[in-house]
Amino acid sequence: MPDADYRIYALAGMALFAIGFYSMLVQAHLLRRIMALNVMGSGVFLVYIALGAQTPGPIPDPVPHAMVLTGIVVSVCATGLALALVDRAQAAASEVEPGDDA
Amino acid sequence: MTSRMPIGVLSLALLAALGWAVLSLPLRPAGLTAASLAKLPESGVTNPVTAVLLNYRGYDTLLEIGVLLLAIVAVWSLRRGEWPASHLHDRPLLMPLLRVVLPVLLLAAGYLLWIGAFAPGGAFQGGALLGGAIVLVMLGGLARRALAFERLLRAGLVLGVIVFAAVCAVTMLLTGGLLQFPAGTGGTWIMVIESAALVSIGLTLGLLYFGGRPNAHHA
Amino acid sequence: MNLQSPILLGILLSSFVTGLVIFFLKEESHRLRTWLNLLGAGVKLVLVAVLLSGVYRGEPYNFAIEFLPGIPFALGADSNAVLFVTLSSVLWFCTTIYAVGYLEHTPHRSRFFGFFSLCVTATTGIALSANLVTFLTFYELLTLTTYPLIVHRGTREALRGGKIYLTYTLIGGAVLLLAVVWLHGLAGPVVFKERGVIQALVGTHRGELQVMFLLFILGLGVKAALVPLHGWLPKAMVAPAPVSALLHAVAVVKAGAFGIVRIVYDVYGVETAATLGVLQPLAVAAGITIVYGSVRALFQDELKKRLAYSTVSQVSYIVLGAAILGPVATIGGMVHLVHQGIMKITLFFCAGNYAETLGTHRVSEMNGVGRRMPLTTMAFTVAALGMIGVPPLAGYVSKWYLQKGAIQAGEEWVALVLGASSLLNAAYFLPILYRAWFNAPPEQWPAEHRVGTWETHWMLLLPPLVTAGLVIYAGVFAESSFSPLVWVKLIAAREYAP
Amino acid sequence: MILQIFDGLLLLVIVVLAWRSLNDRDVFRAVISFIALGLLIAVAWVRLRAPDVALAEAAVGSGLTGALILSALVRMRRRERAATATRGEAPT
Amino acid sequence: MTSAWAMASLVLSPLVAAALTFAFPRLGRSLALGTAGVAGLAVVRLMRLVFAGGVQTHRVSGWGAPLGIELRADGLSVLMLIVTALIGVAIALYSQRYFVSEHDDEARHRERYFWPLFLFLWTALNALYLSADIFNLYVTLEMLGFAAVTLVALAGTHAALTAALRYVFVSLSASLFYLLGVGLVYGQCGTVDLPSLAAQARPGPALWVALALMTGGLVAKAALFPLHGWLPPAHANAPAPVSALLSALVVKAPFYILLRLWFEAFPALMTPAVAQVFGALGAAAILWGSVHALFQPRLKLVIAYSTVAQLGYLFLLFPLTAAQEGGFMAWSGGLMLLGAHACAKTAMFLTAGNILHAAGHDRIEDLDGITHILPVSVFAFGLAGMSLIGLDCPRAAGLPGNGCC
Amino acid sequence: MNASAIQSLLLLAAPGLPILAALALTITSWRGAVMRATPVAAVPALLLVVAGQSGASLHLPSLGQHAVLGLDAVGRIFLGFTSVLWLTSGWYARAYLAHDPNPVRFHLFFFLAMAGNFGLILASDVPTFYACFTLMGLASAGLVLHRGDAEAVRAGRVYLALAMLGEVLIFTGFVFLTVSGGTTQIAELHRGVFSQPALLLLLAGFGIKAGALSLHFWLPLAHPAAPVPASAVLSGAMLKAGLLGWIRFLPLGEAAMPLSGFTLISAGLGAAVLGTFVGVVQKNPKTVLAYSSISQMGIITTGIGIGALRPESWLDIQWAVLIYATHHALAKGALFLGIGPAHAAQTRLQVITARVGLLLPALALAGAPFTSGGLAKVAIKSNIAFLPGGWADVLGILLPLAAVGTALKMARFLWLTWPGHPHPAEEHAKGLWPPWLCLVGAVLVGAWLLPGALGSLPVKLTPAKLWLATWPLLVGGGLAMLGAWLRRWFSGDLTRWLPAGDLGVLLERPLARVQLRMSGRPVPDHADGHGGGSAEKDLRGAARLAAVGGRLARIEDSLRAWPVAGAALLLLIGVILWLLAQ
């Protein structure tokens, strides 16, 4: 379907990015922030893949696909790291309210 | 929260800018589809994504495997994980499930690894399944036994990086180029890398789930 | 590479290597360390003497290696450099002896003397730099090597002083760096040259050059303690006495002043700077500093603080000399570079002696020190009188030329400033002298302990006496062929050559 | 046309789920929304002819990440409960 | 050693060493030293090659841009690599003894994980400076961020963990901004190869937004005022060698990428107004950092704020460079000087600070420890100093005139 | 050794020997001998006066900025009375300080001041003059401070403050002078255009030393505080250094300086009047003498002022001034030194000797006929007639009045010191007599020895002229008696209203307040000691800094808050985007 227009996916990705960033800023809960990062990441990936799907040719551009694969793995690593950090920080001072990281 | 309003406005502005950017992109961006298809026969695999991932942009993947290892190192450096110590009979439902699911998962992982060369699939997807299997195994009470071989775990975790690096070195020796496979042998090299990576990815993703280093004694 | 260049490197390495070796010495091996120190200082002195005679004969000294494209690391020995390097090596020698005596039986001596040597390496590097980038490099190196010396005692106060010092000097360094890079972009690599190197740009980049000059002065003014950039200096007084001596007389403050001299004479060229109209504000700033420092000094009871503010004031004499167009003022300013050095180092040596031998740190505790420590107090008296400008001591010579230069240049207000400063100098030094000589000593000193057979350890006594002798020599024999004045006249002659 | 409507609906749900997963009052529900979001995005990958990514997303992006967050949430809850227990009637 | 080998070993040796130290924790110290040796040699070799032969490129997997990834070493990157190597070597030496004085399990654990994390950081930096691909740069940035965050958290104190938490969120969201920008660039230009972007770039909203996004992300990572908030707590609460690493190396990396982006990839978009904004922020950072440094109660916080100021200084280069005819080229010499200076200065500064830090703490318990540590620190100090005055690396930065950009 | 070599040697020895003596004092074992030989230090100077040739000079090329020492006519006269004074005072000091706790310190400063005094007279170039002048000024501070009690410290402080001010003014003036004159050689200086600032600066600078009006107030404090021999040289010799400075450096005889002349004459007359009024009420004889010096120097100042107005007759005036200076120096010295013997007079013979010995110089100062004072007065008066404007009339009236005042003060002084009944005195007092008597002898002959002094006398001594010379004396004496008689009914302490140090006392209070304000704590008793103030200020400064720091830290914290940081990022992106899109 080389002449289909997937830019709406890219737009949705942008929306995900913006929603994610907005929530990142306004949400104090650390888990939500981590999820927000993931949502932002998904938004970025949507943009990549949507743009890849737009390229002329028999198949979508595989390069963004590979990049997104890399990105997904990196982002799961980031999630793991951030969760471990949150956990450790909260354990270190369990009286500290979640999110109160100022 | 009083700051929501301005942040919301700014985020909407961001969204507007992003939308503007997307819509102003060429409808048919150039991309590299043609180029990657053109070189596909030389890459040693027929799945273009795998070709990009492990051949054209194999260097990215090398670093990515590094990032994976780094992630587990980082998580282990931060905290001790909650490794299930329970025995199998504590969880009566799990054992039968494991008996069925585990072989399937392992098979599927191997299949995905193999099929990756031609069709959707590959080390990452396979690794994810393997990771799931590992989680199940651990939950099933095999954790203790696995942890007795902590060194083995570590070896498995670093396997991907070491093999990938070794391939780098060997290809350098053979062709003088980093990750430049001798003509026609691409598929083999990719399979070697992916197999090692599969183990490491699976272990990493699986162990990430437990969120910390093994509780065991220090060696 | 000609035959002469090893001397330049040797001058740097004599202290650098010493410093590095000392770091690795055991804390206990103080005899070896002492000898190493003296050896390094002695070798440097000899090399500088060779250099001096060579330059006197007109031999060229250059050393350059390219370390960034178009920006060579270059050393050279023009007359300015020789003046400063001679001053610092001579005074370093004295300070080394003094520091060895002063720090006997204190901890961390290896660290101290290691950085001490590095500090002098940086100072001589500053002196011998032949281009702006090399200068800047050593200038920053100086900041970093001095910091450990200032916080050497490790007390809270010391750390605070060190912090303030770092804050000031690092920011100053940053501003200087900006100026250097900017100028580099405009004019390419800046090699120091008499009468400046930027004449060609004056027509096209007037405004930029003016702003750059401001940046240069701001950057260098921190070390030179120009008001209001002087705040670190009194706070840095927590350092051990030899460090204060070094800071004030040889290294840091002097490096700043020397830098300003370099900028005015060898980068901008004093006549070019005058046409840019940047000298007048500089002179005014220096004038304000002179008076302000003196006034502040008046109200300090802590001896070292009083001396510190006195430095704030005195160093600006040098800046003032540079900021007034005319060979005579140049002579006054440049010669004060040397004269202030020997006078102030004497004062600090003496202050250290009082603190070390008697435990007196405050002016109000100095009653009768002249009876207890006559030789030290004599040296102090000579230096203090020199500071006031009593003839025929060193300070008088510089003041004479400065004043004369200012009047010749039509800057009569400078006379007022210098007059006020002299009065204030007298007002804060003479009471000390009175206390020292006339008042009866107290029953008991705050923390007296006998060291050595003399009034204090000979290693503490000798340096101030020698430098006090230099103060007298530089004044009385100002016209003799081996005086700073004559050398400075040579510099001035080159700068204003027709 | 149908495909476009499908796209529109899919993306609408995705965006709504994204919002829910980040702004739902209940964190647990938010996490569930987040996992669901991952699955729907995997559908979007398929729609965008990226099956490799879809597989990875389903396994990693949705599955593993969801599991990670869920277990972290459980741990967090447990710790909070322990803290409340030790502190008695302390407000949360 | 060809340049390919040099570049490969710069990336691979710390990476492999990192993996091995994780697998065999006892090898940490010796592996770090070995890596320091290899990386040192490689960087010297690379420097010579760049000096002799100009820009060195290597096509990984043999494909070449735009399909493949290229490694590239020019004057600027060699300079950064050298600084990295010098500080890396110094830290490797310094840390040999850093954890020795502590004897509990906690400390042993810390040392055990310090080495692999440190080596990963080194890998990331080397890879970053060698990369000529903006997506590859993203991967290296992430690796760098992970390692840096974890190193901060390694101190284990509540303050350090809190700081690390803040750092991780900043770092990750900033990376996503960068990544989104990369996606837009790829969509517009069809390549992520840095050198060929300039030719492909057609200024338009997509590129503007992309560049703005990437810049925003990188600026946040580089802690330019007013986005520097995460830096002081992170740097101040990290273990001593880590502070040094962060200040001297980590924050310089995003700045390096910014330079590449603005001056190499999209020079046409570099308008004076943009440059002025950078300059203004840089100036503000200098001021803000300096003033705050004045008021800090702890030395390490002072250092941290001075880093903020110093970074501001780096950004001042933008207006200076942009104002110049010939842009980047005309400024490369001064630029490199500046970079070298800043890095070396930070390193020396921190080493000096660490010496005192150690002395201040160990006065009572462990005087011998200092004399042990001291030579090493001083050696590092000397190395950095020599890099500064160029004794060690004549023409270190190679031929920026014909090679850099 | 030929004549010029001897000449050079003497030139060098005049200031050199005292310096050597001062250095010798640092060697403990030599001290006794050196202090016994104090007067010898002044001998080369005296020899130079007697045997030296005018115009001879000695170049010291390696010293300073080409120091030149030389002897000219003016210098010879100055050197004459100066050396006599130093010699007799030094001799006197031997006995006077026999029981002093710090004789070495006194001698050290005594020698240094002596060297400076001789040196500045012989100096032929500006730097040497200035160096010697400073040496003298600072060293004499040591003499003033010598006693070390509160009074001495106060006097020393005031003296030093004014001396330093004087140094600065003179230094600056010298710089202007040499810049405009193009040379540092005094003899060649005036060829160029004389610079106005130099004129003013030197006028004021030397005025301090000479005790000119409004700059005089250090004198009545310093003289009583200093030991007697020091007071003698301070008042007799060192005051004259200011005068010498004027003569040497003002363009007298070269240009008419109406303004300076007016200033000088007014100041001189004012000083004469003020000295009289304040002086007569003082209770300390040394203070009375100090005020007398102010008056007398006022008259000399007037003489200089006349010279400034009438350059064409400067040579005459100069000569008169020199006679007056010589006369005053010797007589005042003799009076100061006489205080000791007057107290110590034991036997009847001694009492009578003391009375005569005090009366003679007192009469001379009061300008009695046939004394040096009479000679001096005639010499001055003879120049008034040529003055322009009303000056001649004014001076014609005021100068005799000044003489009346002097007589009054002398009466007061004699009243305070008049040797009365014999009483036992200490042994050492014996040594005070010979130097004093020598000096009294010098008073008698000194002024007449000046070249041409005799010839200047009026050809015929008529009774009218004699009367003219005598009446102020008689009036003064009469007034003194009247005052003494009135004193019976008025017992108030006049010094409360007219304290020693008049103007200076008025200044002290506000200055102290300034100091107090600046140091932020109660003014300490003396000299300095601004102890706790700085610490307090540090504290306050720290608090202020902390407040600023706190405010900044709050801003910093708000920057760190997530929404703010995020908003900042978005704004930054927006700005860049907007600029790119421009």
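As written, the chain order gives the labels A, B, C, D, E and F, with residue 1 at the start of each chain.
By definition in this document, a contact is a pair of C-beta atoms (placed from the backbone, for glycine too) under 8 Å apart; a residue touches a chain by one contact, two chains touch by 3 or more.
The model shown is predicted, which means the values in this text are computed figures rather than measured ones.
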Enumerate, in label order, the chains that touch chain A and chain D alike.
-> B
Using CA atom means as chain centres, which chain is nearest the centre of all the protein shown?
-> C
Between B-D and B-F, the pair with more C-beta contacts = B-D
If you take the mean of the Cα atoms for each chain, which one ends up farthest from chain C?
-> D
Could you please state the distance in Å, as a whole number, between where the Cα atoms of chain D are centred and where those of chain F are centred?
-> 98
Once you find the CA centre of chain A and the CA centre of chain C, what distance in Å lies between them?
-> 59
The distance between the C-alpha centres of chain A and chain F, rounded to whole Å, is 91
If you average the CA atoms of chain B and of chain C, how far apart do the two points sit, in angstrom?
-> 63
Listed in rising order, chain D residues that touch 2 or more other chains are 52, 56, 60, 64, 68, 72, 75
Among the residues of chain E, which ones contact at least 2 other chains?
-> 67, 135, 139, 142, 146, 149-150, 153, 166, 169, 180, 184, 186-187, 205, 208-209, 212, 294
Residue numbers in chain C touching 2 or more other chains?
-> none
Each pair of chains that touches, named by its two labels | A-B, A-D, A-E, A-F, B-D, B-E, B-F, C-E, C-F, E-F
Contacts from chain A onto chain D in the complex sit at residues 1, 4, 6, 8-9, 12, 15-16, 19-20, 23, 27, 29, 31-32, 34-36, 38-39, 42-43, 45-46, 49-50, 52-53, 59-60, 65, 68-69, 72-73, 75-76, 79-80, 83, 86-87, 90-91, 94-95, 98
State the interface residues of chain D toward chain B in the complex, per the touch definition above.
-> 51-52, 54-56, 59-60, 63-64, 67-68, 71-72, 75
Going by the contact rule at the top, pick out the chain F residues touching chain E in the complex.
-> 545-546, 548-549, 552-553, 556, 559-560, 562, 565, 568-570, 572-577, 579-582
Name, in rising order, each residue of chain A that touches chain E in their complex.
-> 17, 21, 24, 30, 33, 37, 40-41, 43-44, 47-48, 51, 54, 63-64, 67, 70-71, 74, 77-78, 81-82, 85-86, 88-89, 92-93, 96, 101
Listed in rising order, the residues of chain E that touch chain A in the complex are 67, 135, 139, 142, 146, 149-150, 153, 156-158, 161-162, 164-166, 168-169, 172-173, 176, 179-180, 183-184, 186-187
